[in-house]
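Going in written order, the chains are labelled A, B, C, D, E and F, and every chain counts its residues from 1.
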Amino acid sequence: MYDCIEAIKQKRLKKINGETFLVSEKHILKARNGDEYVGLKLKDRSGIIDAKIWNNLLHLKDKFEAGDFVKITGESNYYNDNWQVIIKDLERVEEEDVDKKAFLPSTQKDISKLQSELLGLIDSVKHPGLKKLLEEIFTDEEFFERFSHAPAAKTMHHAYVGGLIEHTVSVGKLASQVALAYKDIDRDLLVSCALLHDIGKVYELDPMTFNYTTEGRLIGHIVIGYTIVHDKIKALGLLNREKEMLLLHCILAHHGEYEYGSPKKPKTKEAVLMNMIDMLDSRMQPVVDAKVDESSGWSDLIKIIGKAIYAPKKSKELL
Amino acid sequence: MYDCIEAIKQKRLKKINGETFLVSEKHILKARNGDEYVGLKLKDRSGIIDAKIWNNLLHLKDKFEAGDFVKITGESNYYNDNWQVIIKDLERVEEEDVDKKAFLPSTQKDISKLQSELLGLIDSVKHPGLKKLLEEIFTDEEFFERFSHAPAAKTMHHAYVGGLIEHTVSVGKLASQVALAYKDIDRDLLVSCALLHDIGKVYELDPMTFNYTTEGRLIGHIVIGYTIVHDKIKALGLLNREKEMLLLHCILAHHGEYEYGSPKKPKTKEAVLMNMIDMLDSRMQPVVDAKVDESSGWSDLIKIIGKAIYAPKKSKELL
Amino acid sequence: MYDCIEAIKQKRLKKINGETFLVSEKHILKARNGDEYVGLKLKDRSGIIDAKIWNNLLHLKDKFEAGDFVKITGESNYYNDNWQVIIKDLERVEEEDVDKKAFLPSTQKDISKLQSELLGLIDSVKHPGLKKLLEEIFTDEEFFERFSHAPAAKTMHHAYVGGLIEHTVSVGKLASQVALAYKDIDRDLLVSCALLHDIGKVYELDPMTFNYTTEGRLIGHIVIGYTIVHDKIKALGLLNREKEMLLLHCILAHHGEYEYGSPKKPKTKEAVLMNMIDMLDSRMQPVVDAKVDESSGWSDLIKIIGKAIYAPKKSKELL
Amino acid sequence: MYDCIEAIKQKRLKKINGETFLVSEKHILKARNGDEYVGLKLKDRSGIIDAKIWNNLLHLKDKFEAGDFVKITGESNYYNDNWQVIIKDLERVEEEDVDKKAFLPSTQKDISKLQSELLGLIDSVKHPGLKKLLEEIFTDEEFFERFSHAPAAKTMHHAYVGGLIEHTVSVGKLASQVALAYKDIDRDLLVSCALLHDIGKVYELDPMTFNYTTEGRLIGHIVIGYTIVHDKIKALGLLNREKEMLLLHCILAHHGEYEYGSPKKPKTKEAVLMNMIDMLDSRMQPVVDAKVDESSGWSDLIKIIGKAIYAPKKSKELL
Amino acid sequence: MYDCIEAIKQKRLKKINGETFLVSEKHILKARNGDEYVGLKLKDRSGIIDAKIWNNLLHLKDKFEAGDFVKITGESNYYNDNWQVIIKDLERVEEEDVDKKAFLPSTQKDISKLQSELLGLIDSVKHPGLKKLLEEIFTDEEFFERFSHAPAAKTMHHAYVGGLIEHTVSVGKLASQVALAYKDIDRDLLVSCALLHDIGKVYELDPMTFNYTTEGRLIGHIVIGYTIVHDKIKALGLLNREKEMLLLHCILAHHGEYEYGSPKKPKTKEAVLMNMIDMLDSRMQPVVDAKVDESSGWSDLIKIIGKAIYAPKKSKELL
Amino acid sequence: MYDCIEAIKQKRLKKINGETFLVSEKHILKARNGDEYVGLKLKDRSGIIDAKIWNNLLHLKDKFEAGDFVKITGESNYYNDNWQVIIKDLERVEEEDVDKKAFLPSTQKDISKLQSELLGLIDSVKHPGLKKLLEEIFTDEEFFERFSHAPAAKTMHHAYVGGLIEHTVSVGKLASQVALAYKDIDRDLLVSCALLHDIGKVYELDPMTFNYTTEGRLIGHIVIGYTIVHDKIKALGLLNREKEMLLLHCILAHHGEYEYGSPKKPKTKEAVLMNMIDMLDSRMQPVVDAKVDESSGWSDLIKIIGKAIYAPKKSKELL
């Protein structure tokens, strides 16, 4: 498999014979002459391209939805200063049969290494109830798989496959370090919250399109995550009521301010620290990964900090 | 039983012989000479008064906590321009043996009538899952009793015994009326949410002191209420996932704006309506009940609207 | 008369022979070669289309203004991926000779029924001065005609012909109902304010283009409405000074907050209620009328609530 | 007449025999023993003092209201670390019989000179309609008298007798100067607005107590002033509709921002300038008049700028 | 020299033979076929146009940067509804050899007259230290030249060659006038600050492209200007520490509010006045210079006031 | 030396014979009888107490200022429910002769250990220019002494002797750790900024009273610190212009938002990190050190986070 969409745009790929794409949008439309057609957007790792189904409509239009992978037969053309694909036939492909990394932006890090690091952090928790809780949640294989490939956000930060686990591990390690810098921090509580604080994002964001799900829009990852943890604690009788409240409070308050969707502001040492390191890591990822224009030294606007970033040329860095 | 605290302040009651009071605060303090003593605040319906325990300290100081009722022997005196009670002896009184209305501000309405109205609103719900859910929650006798006597807020609105049920019934009736004014409103969903939206306040506020509980401060009534409804739906398998989300969203979003502690803004017809009628009733109660200075026509500042209210003299109202 | 603009775009109408359109914009422009021409936007109920006058310019360009209706001779063509009309000749048409409903979005409700309902609400007012005031204002035939066809806003809510009377009647009926829910509400004052609160919009918005008028931009509907009511009261000696102030305050404060253009925040029971029901109805109209995407269940962003709306599929609504 | 209240507090005045005071507050109260009494605050130029009427209550309590001047017989005493006056008898004094300057803080400037300056500014207006309008409003003798002694605000700026005319003349002169600094300013419009912009304050604030009147709280000086000007223009047919709107817009927009109570933001050259010079003068008066602590060089907090002011010692000013 | 870009767009200029343009942007790009090319934007006084270098790339691409002037050989064409220039050859032109007024929007005023006025204002300062400081800064010839041609902002106000000196002189004259309106203003301090408040803009903005420089983005004109004045005072030992702080405070606080980038709010009489007159002049320039649509009387949105401006037709101005 | 003020309040110290106190306020006042006297506040580590000088006024009143230490002869008494000291005689004591720790709240940490840690952090910087800069600034003995005993704020965080160095070292160590968590961080730049970011506080706050100095109020610690670093770089020619700007930008932007007094928002990786760890440490110190009420588990309101903190009882911490 190679980067088809880039190839089309560079005129190296004209006829499409069974290449696979991810459908990121699908709309039933009316042409100006009144005919119905399907307008799509196709994605792979190398870009995004418009596509249309004009023929064989009745047969093809219900075979797939946005978020599906499809094998396509068709032809590219250039219309109105835009490349597009005219689809003649298509087949839906099962997700399992696809190497998703070819279709979605992905973490630069090794996901299996991130998984080990996360399990190591769980292992480092000494409080038996919290450790058990973390194990119960993360050893659910289907959940862990989904968690490990989810993005951490639609656009703001870690917006790529594996972004959620990357952010979680990064925050977990910061928690582990910073807990030592201040007296009387409940380190196990802090690390546990660090690992759990964003698990609701597994259901808040569609793993293929990175769009918000209906559950994400109506309930939101803070309360979804709260519910997962609450249900697990209740089912297993793992923690006394006070410990439970302390942990759940950290999750509810991790955005720090009402206007960022936290229903509570941080009111424990650990909740204040959790909020700070979450904010630190959420801002640093897009800042560190920002591409900088070589001649000016400036990046484009970085949404989460509301500003562009300047980075000096390497050679200038010594005195 | 009569209004003791007013009587003390009017010098009609000097010796106190077994009168009952509510302890609203209790602090172990050190006098300037280093001696330990207990400082209290005692409440009944007629007011609030300072009290002190200087003697018999070891015997008395652990017999009661803030929120308890106590029968007191002692004497009033006037010190430093303030009335106080010097306690010689006291006994804790069980809550059941006390007529709480004598100690706390209370709704002007008849609580048993409000209970009937609430049950009537449940009865009017036709959707079987929602009706069952409401019945299961409100027919828990202990819960219903607590719900019926809870305040709806610490100070903002309906801050008195029975305030929560009064507000709930008022919002429920508005929901029932206003649902008809707009097309395609899911009336049963709206009324259900109206009845459930504030049930978390039963645990957010202390029923005696009206202070926030630790659970109220760390989790908050929005998420507490969400959890009660979520747990009940899950336990009984009452609603499909979509209906559940629609109901839970209405609860999560009923404050309307992030800055008022809602983790989600309203995103369904019913959630928008719910937010509007909750705001309407929360503002109207303190506005309608505000006392107006007779000569100026103006009330004191009403916190929830940030302004004082003007009300014309009755006689002037005709042309 | 049929929907010309849709017909042009569907290639069913090529030659235009005396069809009538509404001119929503008119600009005198310079072509790249330095020639002057007129660029227009033409509207009917079915859409909006660009148009140009290249020939016969001196003769045609002063025959009409934006907001006029014109009978056109010309031809449609497709240029630069856009449909347009090349005008050869045109005649201005008097407004009276046109069925405006064909040109502007319009309320789904029956305007004459809304008029009856409004007159019924006036009739329900018992206070003689307020009733007289309402009658004097609304029985001015020219005003009532204009009021009955005005939009209630440019885009936010009820942005269509008849939107103002629809909103006014809706708010009037809510006022009438909700007045009963709270004690000591001056029902006649509240209903009067409900009927008068937005009358300034008759002069704030152009009835054809829905754009703000210069008077609307410099004075605004709140103060325009205030002035109409003030002048009428003064001219007829209808109310004592206190009643007048109470009514005028309700009008000035109906937006509730300074940042929405109210020069005063609500400071009477009736002004608080007025603000609440105006907000309720302004938000509910666009929420209730929002079109929802069938497959996702989500609408587009609704400006007045700052969010999209989710509505479940009908079939899913039972358990 | 001398400064009685200061004299009482310095123990130089014990018996009070017919001295005159301004009543700034009056409350009917209940003593702790249930007896009714009247609590007052008395003011003169030298300060403010508590007073009480215990005896002869029925005879005295309806003889005066807050805002009245009263001649008092009684005695001062020192109670609970506070000076107070026990009133034995009192008589209401007509306002005309009193030299108000003895009772209220007053402008340092000569009011009759300010009146001449204001008339001079009217004289400098060339536009006949505007000049006539200004003359009609300011030559109403009763109005001009009231205007010349009104404060410009309760506390923010120019909060003293004559403050309104002082501020008006200052803004008028700035208008006259600054109009020359920019091209195409309608100088007559700007100066007219400068003179009229705050005339509503004559009715918004009580001239004796500087408290807001009910009209001030419900309608506000911006709309009151707008109404005075509107009524006068209408009565006399003075201006064409456009000129009228331009002038009225300047008045409505002079606070510049919605959150300061302007129902419109400035949208003409003159309205922008008007807003700027009004803000400049409102801030400069309290800044310039602030008393600075000699040793630190700092004033107390100045409300309108939200900060204290630093002023260097004179001797340090040269290099 | 004539207006080439307008000529190209009006088809009067096809072949370009050594005309000079300002390069306002320069990007190295990849074509869809993978070839590298240079995309430029060329400016002169009459407009802006796209340009491309396809041929001779290696030879041409390093001969110039954004901000340079270039003499061009090439051809105009019309592509994708847009005019562009295909460059065949180019030469960099030294800035000294160019009449910049042909390439950049420029003040309507006479720069040498503005320079005289500025020197006259310096002359009017009597305090020897301040006068010396101003002379030292403004008599640096290179600095004065740069200052005299700098814009005062990228887009907000005075965004043209000479804008900075025009704004500085305007604010200086206002300072001089308004200082007399209030008592105890240190007129020399105020005028000095007026002349110095924006000198940091000389380095904050690129004099050719009006874009922010890296120094402007990282340090900002407020602190750059502060540093210039601080360094000069330190180098020459001109002022005592108190006078220095008073002057530097005026510079730091001249934006008035933290949210406009001032690290301090105004805390001296002169700093409050400085902030007011800077705001007045910054708003009035774009308001006064706004072009108004002849038929409607309304301008486009003016960014700095957030509103469009209305100006009546001249002929209507009398009565 | 022992804790005098506590001793007075516990009636253990009546006669004062040459005890030393810190004068935190001094005011020349007028008694009600017109006599002049001096009102003081005296502080030591155990508390604060009122004091008065009635006798020997002319002799004593100019012997000391606020911020001085004084040896006192006098007597304590209890007046109006308040303890006070009546001073008969006093002598000013030189600061060097006093153990300041007895008079001011102080860090719990060992200041000489913090100094070593700070020097260790300087030592860890490899970039020669930055290392030299840090050494030059911190090896100035007088500066280092003052820095080591300064508070970090008046009230918000680290508001005690040694608070500034404690905060600086804490932030320096966090910088050192966190720099490793993200790629391409200029660790030396970040650590340098961490050590320098608050040095302006040495001059912003009075080391005895913790009040803001005039320089602190007019210039502020951000720009004062910027100036120290700028002057040192300039004097020694230590860094190239780019490195200088990057360091100075980190200092200017360390508060992160305009509304917290930063004239620039963070625009480099290191500036974003600096802002995050400064915020983290500023919030954690008061949170960690907050005293919690034993029975409720709640602290008082903590200003910097706007909330009280809950901490569970130790015994409850295990499951």
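FYI, contacts are C-beta pairs under 8 Å (C-beta built on N, C-alpha and C of every residue); 3 or more make two chains touch, one makes a residue touch a chain.
Since we're looking at a predicted model, the values are computed, not measured.
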{"item": "Between E-F and A-F, the pair with more C-beta contacts", "value": "A-F"}
{"item": "Farthest chain relative to subunit E (centres taken as mean CA coordinates)", "value": "B"}
{"item": "Whole-Å gap between the CA centroids of subunit B and subunit D", "value": "43"}
{"item": "Rounded Å distance, subunit A centre to subunit D centre (Cα mean)", "value": "61"}
{"item": "Contacts with two or more other chains, residues of subunit E listed in rising order", "value": "214, 217-218, 246, 267-268, 308, 310"}
{"item": "Inter-chain touch pairs (all)", "value": "A-B, A-C, A-E, A-F, B-C, B-D, B-F, C-D, C-E, D-E, D-F, E-F"}
{"item": "Contact set on subunit C toward subunit A in their complex", "value": "9-11, 81, 295-298, 308, 310"}
{"item": "Residue ranges of subunit D touching subunit B (in the complex, touch as defined)", "value": "32-34, 65, 80, 214, 217-218"}
{"item": "Subunit E residues within the subunit F interface of the complex", "value": "214-215, 217-220, 222-223, 226-227, 230-231, 234, 245-246, 248-249, 252, 258-264, 267-268"}
{"item": "In the complex with subunit C, residue positions of subunit B that touch it", "value": "127-129, 170, 173-174, 177-178, 181-186, 238-240, 242-243, 246, 265-269, 272-273, 276-277, 279-280, 283-284, 287-288, 305-312, 316-319"}
